[in-house]
Amino acid sequence: MQRIINDPSLVVEDMLKGFERCHKDIIHIDEENPRVVISNFAKDKKKVGIVTGGGSGHKPAFIGYCGKNMVDAVAVGEIFSSPTAKSFYDCIRAVDQGMGVACLYGNYAGDNMNVKMAMELAEDDDIEVKTVVANDDVASAPKTEMQKRRGVAGEILMWKVGGAKANQGATLEEVIAAAQKAMDNTRSVGVGLGPCTIPANGKPNFSIAEGTMEFGIGHHGEPGIRVESLASAKEIADEMTSLVVNDIPYVEGDEVVVLISGLGATPVMEQYIFFDEVAKNLDELGIKIYKSYVGNYFTSLEMNGVTLTMMKVDEELKECMDEEVETMGMTQIRR
Amino acid sequence: MEYVANQKNAKITLAIIEAIHENAAYLSEIDGATGDGDHGVNMDKGFMLAKERIQEDMDFSESLKVLGRTLVMDIGGSMGPIYGTMFSRLSRSLKKQDQITKEAVLEALNNAIQGLMDLAGAKVGDKTLLDTLYPATESYKEALKQEKSFKECLKALLDGAEAGKENTKNLVAKIGRAARLGERSKGFLDAGATSCCIILKTMASSMCEDIINE
Amino acid sequence: MQRIINDPSLVVEDMLKGFERCHKDIIHIDEENPRVVISNFAKDKKKVGIVTGGGSGHKPAFIGYCGKNMVDAVAVGEIFSSPTAKSFYDCIRAVDQGMGVACLYGNYAGDNMNVKMAMELAEDDDIEVKTVVANDDVASAPKTEMQKRRGVAGEILMWKVGGAKANQGATLEEVIAAAQKAMDNTRSVGVGLGPCTIPANGKPNFSIAEGTMEFGIGHHGEPGIRVESLASAKEIADEMTSLVVNDIPYVEGDEVVVLISGLGATPVMEQYIFFDEVAKNLDELGIKIYKSYVGNYFTSLEMNGVTLTMMKVDEELKECMDEEVETMGMTQIRR
Amino acid sequence: MEYVANQKNAKITLAIIEAIHENAAYLSEIDGATGDGDHGVNMDKGFMLAKERIQEDMDFSESLKVLGRTLVMDIGGSMGPIYGTMFSRLSRSLKKQDQITKEAVLEALNNAIQGLMDLAGAKVGDKTLLDTLYPATESYKEALKQEKSFKECLKALLDGAEAGKENTKNLVAKIGRAARLGERSKGFLDAGATSCCIILKTMASSMCEDIINE
C-alpha cells in the first residue's frame, strides 16, 4: 500500500486537522465534536440550515462542499462508514436558527439509520428537520425500486440547489422542495477501472481485472450491472449517457447540468475526453448543456473510474446553480 | 420462581464487552474474507468506550442502555445504530422488572428483533446478525413453550445462536459490503452473525450462573 | 493500461475539445492554432499579456490556469513534451496589446528552445517579450547550479503573481520583476510513490518498488535525490520541509504561501494529512503560513506522490496572491 | 572540381525523409529501451509533414530549410527545435553555393554542430544525437585534410556516423529522459544518435550518387 499517511486507523482525524488549517477562512470544526465541520458563513444571516454527512474518503465530498451558500455543517464518518447519530445531531443543532434544518444526504443503510436517530434527538429539542435522500445512481436498482437506489455525485447538485435556496431566504419547505426537485431530475452512473484500498484495511476493497471495467459500480465499490471489456472513451460515454438519459428520460429540448467526476486515480485529462463524448451524444439528442463540471468532485480514495451525472434544469434550478458559492470543492463567481 | 436479578447486575453486560474485546481480531479476520476486515475493530472501539461508562453496581438494564446509547451516539457506521438499537431495546424491555424472568427475556429478544427489522431493513436470510438473533430467539421460544427451565431455555438460546451463525455459511449476502461478492459470499461466516453469536452466548452463560430460584 | 481514452496518440486533441466545451465562458481555442488556449478575459483591458506553455498531462497545469487575472494564453504540447515554437509564438501574438508579453514558463530543455525560437519570431513583429524561467525544484540540482533546476508546482504561484500584477496595470518590466521575485522566493520538492503511463506509450514511464519512494522526483519522473523506504506522512513531511526551508533559507518570522499538490493518484485526504505535518513543522520554526493550497494543482497523469512548494511573501506578493482569479484550476473570490 | 548541384536537388532531402519514415518503428523501439518509446513517431510526424511541403525541383538548400522550419514550427518537444536547427543551419550554409563542394559540406556540418551546442546545451558524450554528428564531422574533416575525394570524404562521414552511434552504447545518458536510468543507460543505443546516423548516412549516400566532376 503506497500511501502518505501516519497511523492508518487515524487517517480521518489527521486529515481533518489539515483540512481545518487549510480552510480556516471557510470552515471550522465544532469545539465539542471533532467530527462536525461547520461553515463560517452558517449564521451570517437567518436562514434554513443545510446539513449533510457521510463516510470519509470521497474528497471533496462531503466536507469540501461546506461553506458559503452550500452546506452549513457536515457530519464526518470513518472511511466509507456512516458518521454517528450524534454527529448528525450536533450538525443539526449547530446550524438551526429557528427556521429548521434540511438534512440532504445519500441513500446508504448506515446514513439512513444514523440520520433517523439524530432526527429523534433533534425532535426533543423542538428543531424541525426535514430530509432529502439522494438516490441518483441509476445502476444501483431498477427504476421500479427507486427507494433502493444509492446517492452518488448527484448529491453535489442537491447541496448546490438546497444551499442556494436557503441563501435566498426560502422556508424549510421551499428548500426541501427545491432540493427534492433537484434530486428528482438528477441521474448518475459510474464505471470502475481499478479498485481502492481503505488504509486501515491495507488491501484493495475489490478487484477489477486488467482489460475489463465494471459498469455501474458504486462509489465504495458496490457491484455494478456488469463487468465488460475495457472500451474506448467514446463507447463508455455512449453506454453511460444512454443509461442516464433514458432513465428519466431526458428528451430533446431539455436543458441539463452535466457533472463528470473522476473517482480518484483517473487523470482529469481523461475526464475531459470522456466529457466531450458525452457532450457529442447530447448534441445529437438535442439536449442542451446549461452548465458543466469536470473534475474530481466526488471520489472514492484512489479508485480508477468516472461517474456521469445529469440534472435537468428549469428556471428555478438554473438560478440556484448560478448562485455564487465558496467551498473547497466548488468556488463559483456570480456573473 | 426462577429469575435473574436486574439490580446491580451490570456484570452480564461487562462479560459481553469482555467477550467482544477478546474476539476482536477473530471478528476482523472473518470480516476480511468477505468484507473489509474491520468488524472486530469497529465493535471493540464501541464496546470499550461503553465499558468506561459502566459501573458494576449498575442495574443490568441500565448497563445495556449505556452500551446501546454509546453505540448509537459514538460509533456510527451501520453497527452503531444496529447493535445500539438491539441493546437499547433489550434494556427498555428489561428495565420494568426487578426480577428478570425467562418470559421477560423472550419479550426483550422479540423487541430487539423488531427494532432491528424496523431500523435496518435487513431480513432473515440476508446474511447478517439477524441470522443469529432470529434463530436463537426461535430456539429459546421453543424451549420456553416446552416449559423448560430458565437454564435450559438459555442453553437453547446459545445452541440456536451457534446454529444460526454456522448456517450463515450457506447464505448469500444480500446486504452490506459482502453483497458485492454475490454467490461467492457462500462458504464464509458472516461477521455480524459471528459477533452476535458471541454476544448471545456470553449473555446466556453469564445469566445461567446468576439464576435465582425462590 | 486501464484508461478512459480513444486513440492514445490523440489524447491531447480529444482533451482540448472537452476542455473548451466545458470552460467556454473562461477560455477559447485559437481559430488557427488548435494548440493555443486563450483567456476570454485577455483583452478586457489594455495590459501586459501573460503567456505560458508546456507539455500536457499536468492538469490543471497549464491550461487550467488560463483565465481571469492569471495566464492569458497557453501553448499546449504533447504529453510531457514541449509545445512547438509556433504555438508559443501564436500565444504571444494573441495577447500582445502593445504593452509587451511576459512568458512565464518552466526550465525544461524543450521549452527553453521553443520559447527562444518563438521570441525570435516575435522580435520580427516588434513584440517585446520578456521571460521568467521557473526553477523551483530544489531536488533537481544543487543550489550552486540554480540555472539547471526545473520548474514544478511553483510555476502556479509565478503565474498568479504575474497575472495579478498585469491586471493591476503594471508595465512589462514590473510584471517580470514581480514574477521573478515570486520565483526567487519559491522552492519546491516532490516525492514519488508510484509511476505514470503515457497513453501512447502504454507502459509505465519508470518504476517505484512497493515499500519505497523516490525523494526529489521530478514531475515527469525525472530521477530524484534518492530512493528510500516508504515513510510515514510525518517523516516525509519533515524531510521535504527541511529541504525546502533550508534552501533559501526561510527563517523565523517569515510568512509563506504553502502549496501542496498531489501528482495524480494520491487521494486529497492524504494531502491534507501531509499538509498538517508540514504546517506543524512551520509552526515550530516560527514561519507563518499566509495562505495555503492543498489539492491536485499540478499533476503528472496518474503518478502517485505529492509536491511541496513554499513562497516567501512580502506585501507586494501578498497583494498579488489575494487578487480575485477565475480559472479552471484556481478560482478565488476577493474578500 | 567535384561538386553536388544545389539547384533542383531536393531529392537528397526527400531520401532522408524516406529513410526516417522507413525506420520509424525501429527508432521507437530503441527509444523504448531507455526512454518513452516515441522517437520514431515524433520524427516521422515532423518529417512526413515536411515531405508534403517539399517539391523535387526545389534547391537542396531550400528543401533543407523547409524541413528545418517545419520541425521548428510544427513539431515541438526537444526534437523539433534540435533537428530543426540542424537542418536550418545546414541550409543556411549551403544556400550560398550553386555548386556544393566538399569544403562547403564541412562548413555546413560545423555550422550545424555549433547551432546544436548553442541551442540545446548538450555536450559531446552526453549520449545524444551530437554523439553521432560530432564524430561523423570529425571523420569527414580528417578525410578532407588528407585531400581525399568527395566520395571518400562522404564515406568517412558515413563511417564516422556509424562508429559514433555505436559508441553511444558505451555512454551514460546525461540529458533527456534516459538520464533517469543513470549507469543503467549503458549498453543501449541512444535513439537520437541512431536517427542522426540514419540521416547522415542517407545524405552521404545520396550525395555520392550525385557528385559531378568537371
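The chains carry the letters A, B, C and D, assigned in the order they are written, with residues numbered from 1 in each.
We adopt the following convention: a contact is a pair of C-beta atoms (placed from the backbone, for glycine too) under 8 Å apart; a residue touches a chain by one contact, two chains touch by 3 or more.
Just so it is clear, the structure is predicted and the values come from calculations on it, not from any experiment.
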Distance between chain centroids, defined by C-alpha means - chain A, chain D (Å): 57
Gap in Å, rounded to a whole number, between the CA centres of chain D and chain C: 34
Chain centre separation (chain A, chain C; CA means) in Å: 29
Touching two or more other chains - residue numbers and ranges from chain D: none
Category of the chain touch graph - line, ring, star, complete, other: line
Listing of all chain pairs that touch each other, if any do: A-B, A-C, C-D
Touching residues on chain D, where the partner in the complex is chain C: 36-38, 41-42, 72-78, 80-82, 84, 119-121, 175-177, 179-180, 182
Interfacial residue positions of chain A with respect to chain C in the complex: 2-6, 11, 14-19, 21-22, 25, 56-57, 59-60, 191, 193-194, 208, 210, 213, 230, 232-234, 236, 264-277, 279, 289, 292-296, 299, 301-302, 304-306, 324, 326, 328, 331-333, 335
Residues of chain C touching chain D in the complex: 9, 77-78, 80-87, 109-110, 112-114, 116-117, 198, 200-201, 203, 205-206, 220-223
